[in-house]
Every structure is written in C-alpha cells, then in structure tokens.
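Each structure below is given as structure tokens.
Common to both upcoming complexes is chain A, partnered first by chain B, then by chain C.
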Partner chain A sequence: MNEQALLGLADDELVLGWRDSEWTGIAPLLEEDVAFSSIAQNEIGHARAVYELIVGADGDADALALDREPEEYRCAPLVELHLLDWAHTIARRWLYEVADEIRITALKEDPDAATAGLAAKIDREEAYHRMHAEMWHERLREEPCFRQAVEELWPYALGVLPAELRGELVERVGLVEVEPIDRGGHTEELALLWEEMTMVRRSAPSGAQW
Partner chain B sequence: MSEPVWEVFRKERRGAAFEHAGSVVAPDADFAEAWAREQYGRRGESVALWLVPREAIRDVEDWADEFDLKYRRVDGYSIKARLKEARERAGTAGTG
Partner chain C sequence: MGGDDDGAALGAVRGAVVAEAQVWEALKEIPDPEIPVVSLVELGVIRAVDVHDGHVRIEFTPTFLGCPALEVMKRAMEEKVAELGAEPEVDVVTDDSWSTDRITPQGREKLRAAGFAPPAPREAAAPKLVQLQASVFRCPYCGSTETRLENIFGPTPCRSLRYCESCRQPFEQFKTI
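Moving on, here comes the complex of A and B:
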C-alpha cells in the first residue's frame, strides 16, 4: 500500500477515535460509555502504530499526526462528521467497521511484510470492535431512525474505500451503490475538530517534551 | 430500560480460581459479553470471564446457630493456656 493510502488509514483511525471519544461521559448507557470510549482509544492506538510505520524508527509520529494543516489530512469525510445523536453514531461505527474490515483484509496481503504484519495485529483487535458494532446493528437494524442514519451515511461510507474495494462493501451492507463522498475533500466540521485536537500541541513551543 | 444484571467473574491468570469482579447491566448475553470485555479485560487484567445472570444465583445468607456448638469450630478450642503449660513441663518456655 502506498504511503498516501496508509496515511488515509491512520487519519481515519485518529479522527474517528477522536470523534467517538466525544461520547465519553455522555453515552446513553453507562456500560456502553465505557466500551465505546475504550474502542475509541483503541482506534487512536491503531493510528499511532500506522503513523510510526510511515515515519520509521527515527521519525516523529506525533508530528505527523498533529502538525499538519487540516487540508493536509487524508481522512475520509465519514469520520469527520460531528454526529450528535446515537443512531447516527452507531450507524457510522457499523459502516466504518465493515469498510475497515475489507480494507484491513486487503492490507494483510500487502507485499511489504511490516505493513502486512501491522494489519494482522490491528485486525486481531478489530475483531472485538466488529463484534460490538454487529451487536448494535443486529439490535437496531429494523429501527427507522437507525435505517435512516445508515442511508444518510452510506455515500460517506463508500468514500472510505478505494473504488476497487467498494463492490464488497455494497454486497455486505446490502444498499445500492451511489456516488461516493470521497476521500480528498473535507467537511466543514474537520476545521473545528482540528482546532481542538491540535490545540494543546500548538500551545507549546516546538520541540517541547511531554 | 429495566435490564438484567450480569455478575462478572474473572480469572486473573491461568490456573487461578475465578473471583467475583463486579457486574454489568445488559439486555442479553452478547451485550453483556461486549461490555464485560471492555470493563474487566481491556487492560489485560483477565484471561477469562464468566457472566452469570443474577437471577440464576441462589442466595443463601441465613444461618442458625442456636446451641452454640462451638466445639465444631477451630476457634472453639482455646489451646493457649494448655500450650503454655506443656511448654513449661518440657522446659522450652519462651522458645516458641
């Protein structure tokens, strides 16, 4: 996988991890609050591992993760959306997990051994995320508000994957393929998220040790 | 939602006994598993979990001990004085 695609994966995991962390303390159920926050942290952990793979042993993963301008991020618009209700949040989580599984499965076959190895490691943890997402999907799939949320987010979900992997997502999700809201462009929400996400880092002098 | 409580038991390492860890409130076994995994296993503190619906637990907490049958218990025997006597007889007082 080329570096831009890896960066897309890392940025997706960072930004979605960040977005889902916004539910910490305010999720609708106490038990889910703990689980959802934990999964969000795992995603940020995956992001860190991929940034570290990109920059190499002597590189600065934090700088790559947090010192870019908003327009330089390679995340898919799906993960940027500031979703304020639980049905949409769970719909995104589920759509993302299905798309991510397809992407990670392909990445496990990557000719670069380090990349394939990291993909396998991520996949082992993602198995529990998928279990969690699938369990919610099973429970909510017939609920009108959930179905509507899935349909609204569907063009965004297609944008997570490159064109050659989208067919599998269409098959898995069971919706008709539509024009994707593709990676490369950004939503307006990203700028605000970036402001908050990088605020502490920007407030400190460059080279500060944490 | 009024949902069942699942008591969670965890095993800290292989070969250890399961110990009560706490509980989760969940509508079914799948949710209970997902939530218990995150609450009782995400830091690697468990190698296995048991999830038991609280209704499946039979409470036993009433005990009758009307006749003070303390000879049935270890603490029913005070051997301190007798031990002292025995030591004195053997001339080993104070070495115990």
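Moving on, here comes the complex of A and C:
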C-alpha cells in the first residue's frame, strides 16, 4: 500500500477514535459506555502504530498525527461527521467496520512484510469491533430510523475504500452503488474536531509533561 | 565482609559481561502494570533477548496496540537492564507473532487464581460472537461453565466481562488475540 493510503488508514482510525470517544460517559447504556471507550482506545492505538510505520524508527509519529492543518488530513468524510444520535452512530460503526475489514484483509497481503504484519495484528483486534457492530446491526436492521441512517451514510461509506474494493462493500451492505463522498475533501466538522484534537499539542509544542 | 561481597558486586559494574539468562531472570521480576499478578515474561510479550558487548536488545510485543501500559513496560525493562550494568534497547514489534497462546501455563494459573479467566486457545479464524456467548468459559471462582457474556469490552482492551450463573460472580475474561 502506498504511503498516502496508509496515511488515510491512520487518519481514519485517529479521527473515528476521537468521534467514538465522544460517547464516553454519555452512551445510552453503561455497557456501551465501556464498549465505545474501549473501541476508541483501540482505534487510536492502531492509528499510532500506522503513523509509526510511516515515519520509521527515528521519525516523529506525534508530529505526523497532530502537526498538520485540517485540510492536510487524509481521512474519509465518514469518520469526520459529528453524529448526535445512536442510530447514526451505530450505522457508521457498522458501515465503517464492514469497509475496514475489506481494506485490512487486502492489506494483510501487502508485499511489505512490516505492513502486512501490522495489518494482521490490527485485524485480530478489529474482530471484536466487528462483533460489536454486527450485534447492533442484527438488533436494529429492521428499525426504520436505523435503515434511514444507513442510507444517509452510504455515500460516505463508499468513500472509505478505493474504487477497486467498493464492489465487495456494495455486495455486503446490499445497497445500490451511488456516487461516493470520497476522501480528499473534508466536512466542516473536521476543522472543529481538529481544534480540540490538537489543542494540547499546539499549547505545548515541545511536549506536554504530565 | 571480604571476598564474597567483592564477588557479588562485580555483576553490577557498568560494562561487565551480562549473560542472556541474567536478563531473563531480571525481566521475570517486572509485573504487568495492569494485572501485577503476572510478569511480562509470563505474559509472553518478551519475544527475544539479544546480548552483545554489554548491549541488550529486547524484542517486545504489545498485547493490544492501544494498550496504555506500553510505555510503562518499556521503561521498566530499560531500568532492569541498566541495573545489570548494560545498555538497553527495547524494540516494539507490531506484527501478528504474539497471541494470547503465548501466556505461559504458570501465567494462566496465576491469572485464574486472581479471578481472571485465562484466554481460550487461538484458532485460525477470528473468534465469533456466538463462540463468546457459549457456556464453555469456566468461572475462575467456582469452576462452573454456566457463564454468560456480559460485554465483549471491559476495563482494559484485553478483557471482556462475564457472569457466572452458578456462583453469581461477575468476572473478567481475557480476550483471545
């Protein structure tokens, strides 16, 4: 996988990790409070590992993760959306996990051994996120508000994957392929999230001491 | 006092020859920061120790990539090696070579005794929800297999929550990775 695509993966995981962590403390069920916090922690851990892979042993992964301007991020618009209701949040989790599984499965076959090895480790952890997403999908699939949320987010979900992998997503989700809302462009919500996400970094450029 | 003490002090002199076995012994003393009943060696996260000219290189695998204890473990290993008078280098290996199958039998027993159900063996395919929901996971308190999954996720990334129907005790299950 080329560096831009790896950066896209890392940025997706970082930004979605932030979005998922927004449910910490206020999820509708205590179990989900724990689940979303744990998933967010994993996603940000994946982002860190991929940033470290990109910059190499002597590079600065924090700088890559946090010193860019919002428009320089390579994340898909799907993960940027500031979702305020549970149906949309679960619809995004499910769509993202299906798309991410397709992407990670492909990445496990990467010719670069370090990339393929990391993808295999990420895949082991993601298995638990997929179970969580599938469990909710099973429960909500017939609910009109959930179906509507999935349809609204569908063009965004297609934008997570490169064109050559979208066919599998279409098959698994069972919706008609539409014009994707692709990575490259950004939503207005990203700039607001960026303000919060990089606040500590910008206020203590030489590194915060805890 | 005398000859014996001089002999004991030699090992701690900086630059003294450190044997690989000594490093492993020292690493056995480092507890897991989140579950201190097991050591890093028992967790199986130390993949290799390579000693060369007073320089000790340790290959180490995180359990989960987002594990917040990673830096703490890294620092603890560096300190242990420095105490032996050698120069430490800890390399974090982020591939799929570690799995919960590498937790040693002693480690598994210590986990169980502390109320954590050890992980089920890893299979070629990733675990499925239906497997986790099955009543085959043994309660670490009473040994019953009448247990149910409460939450795939728990207080740390590596644990799930289960409940024992027999002794009515909630407990934490190590995730299979």
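Everything that follows uses one rule, which is that the second predicted complex is superposed on the first by the 204 of 210 C-alpha atoms of A that agree within 3 Å, B and C clash if a C-alpha of one lies under 4 Å from a C-alpha of the other, contacts with A are read in each partner's own complex, and residues count from 1 in each chain.
Criterion: a contact is a pair of C-beta atoms (placed from the backbone, for glycine too) under 8 Å apart; a residue touches a chain by one contact, two chains touch by 3 or more.
All figures in this text were calculated on a predicted structure; none of them were measured in a lab.
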Joint occupancy of chain A by chain B and chain C, clash or fit: clash
Larger contact residue set on chain A - chain B or chain C: C
Partner chain in contact with A:117 - chain B first, chain C second, else both or neither: second
Contacts of A:46 with chain B and chain C, given as first, second, both or neither: second
First (chain B), second (chain C), both or neither touched by A:34: both
First, second, both or neither for A:131, with chain B first and chain C second: both
Overlap of chain C and chain B interfaces on chain A (superposed complexes): 31, 34-35, 38-39, 128, 131-132, 135
For the chain B and chain A complex, residues of the former touching the latter: 1, 24-27, 30-31, 34-35, 37-39, 42
Touching residues on chain C, where the partner in the complex is chain A: 64-68, 94-97, 99, 126-129, 132, 150-157, 161, 175, 177
Of chain A, residues touching chain B in the complex: 29-32, 34-35, 38-39, 128, 131-132, 135, 138-139
Contacting residues of chain A [partner chain C, same complex]: 31, 34-35, 37-39, 41-46, 48-49, 52-53, 113-114, 117-118, 120-125, 127-128, 130-132, 134-135
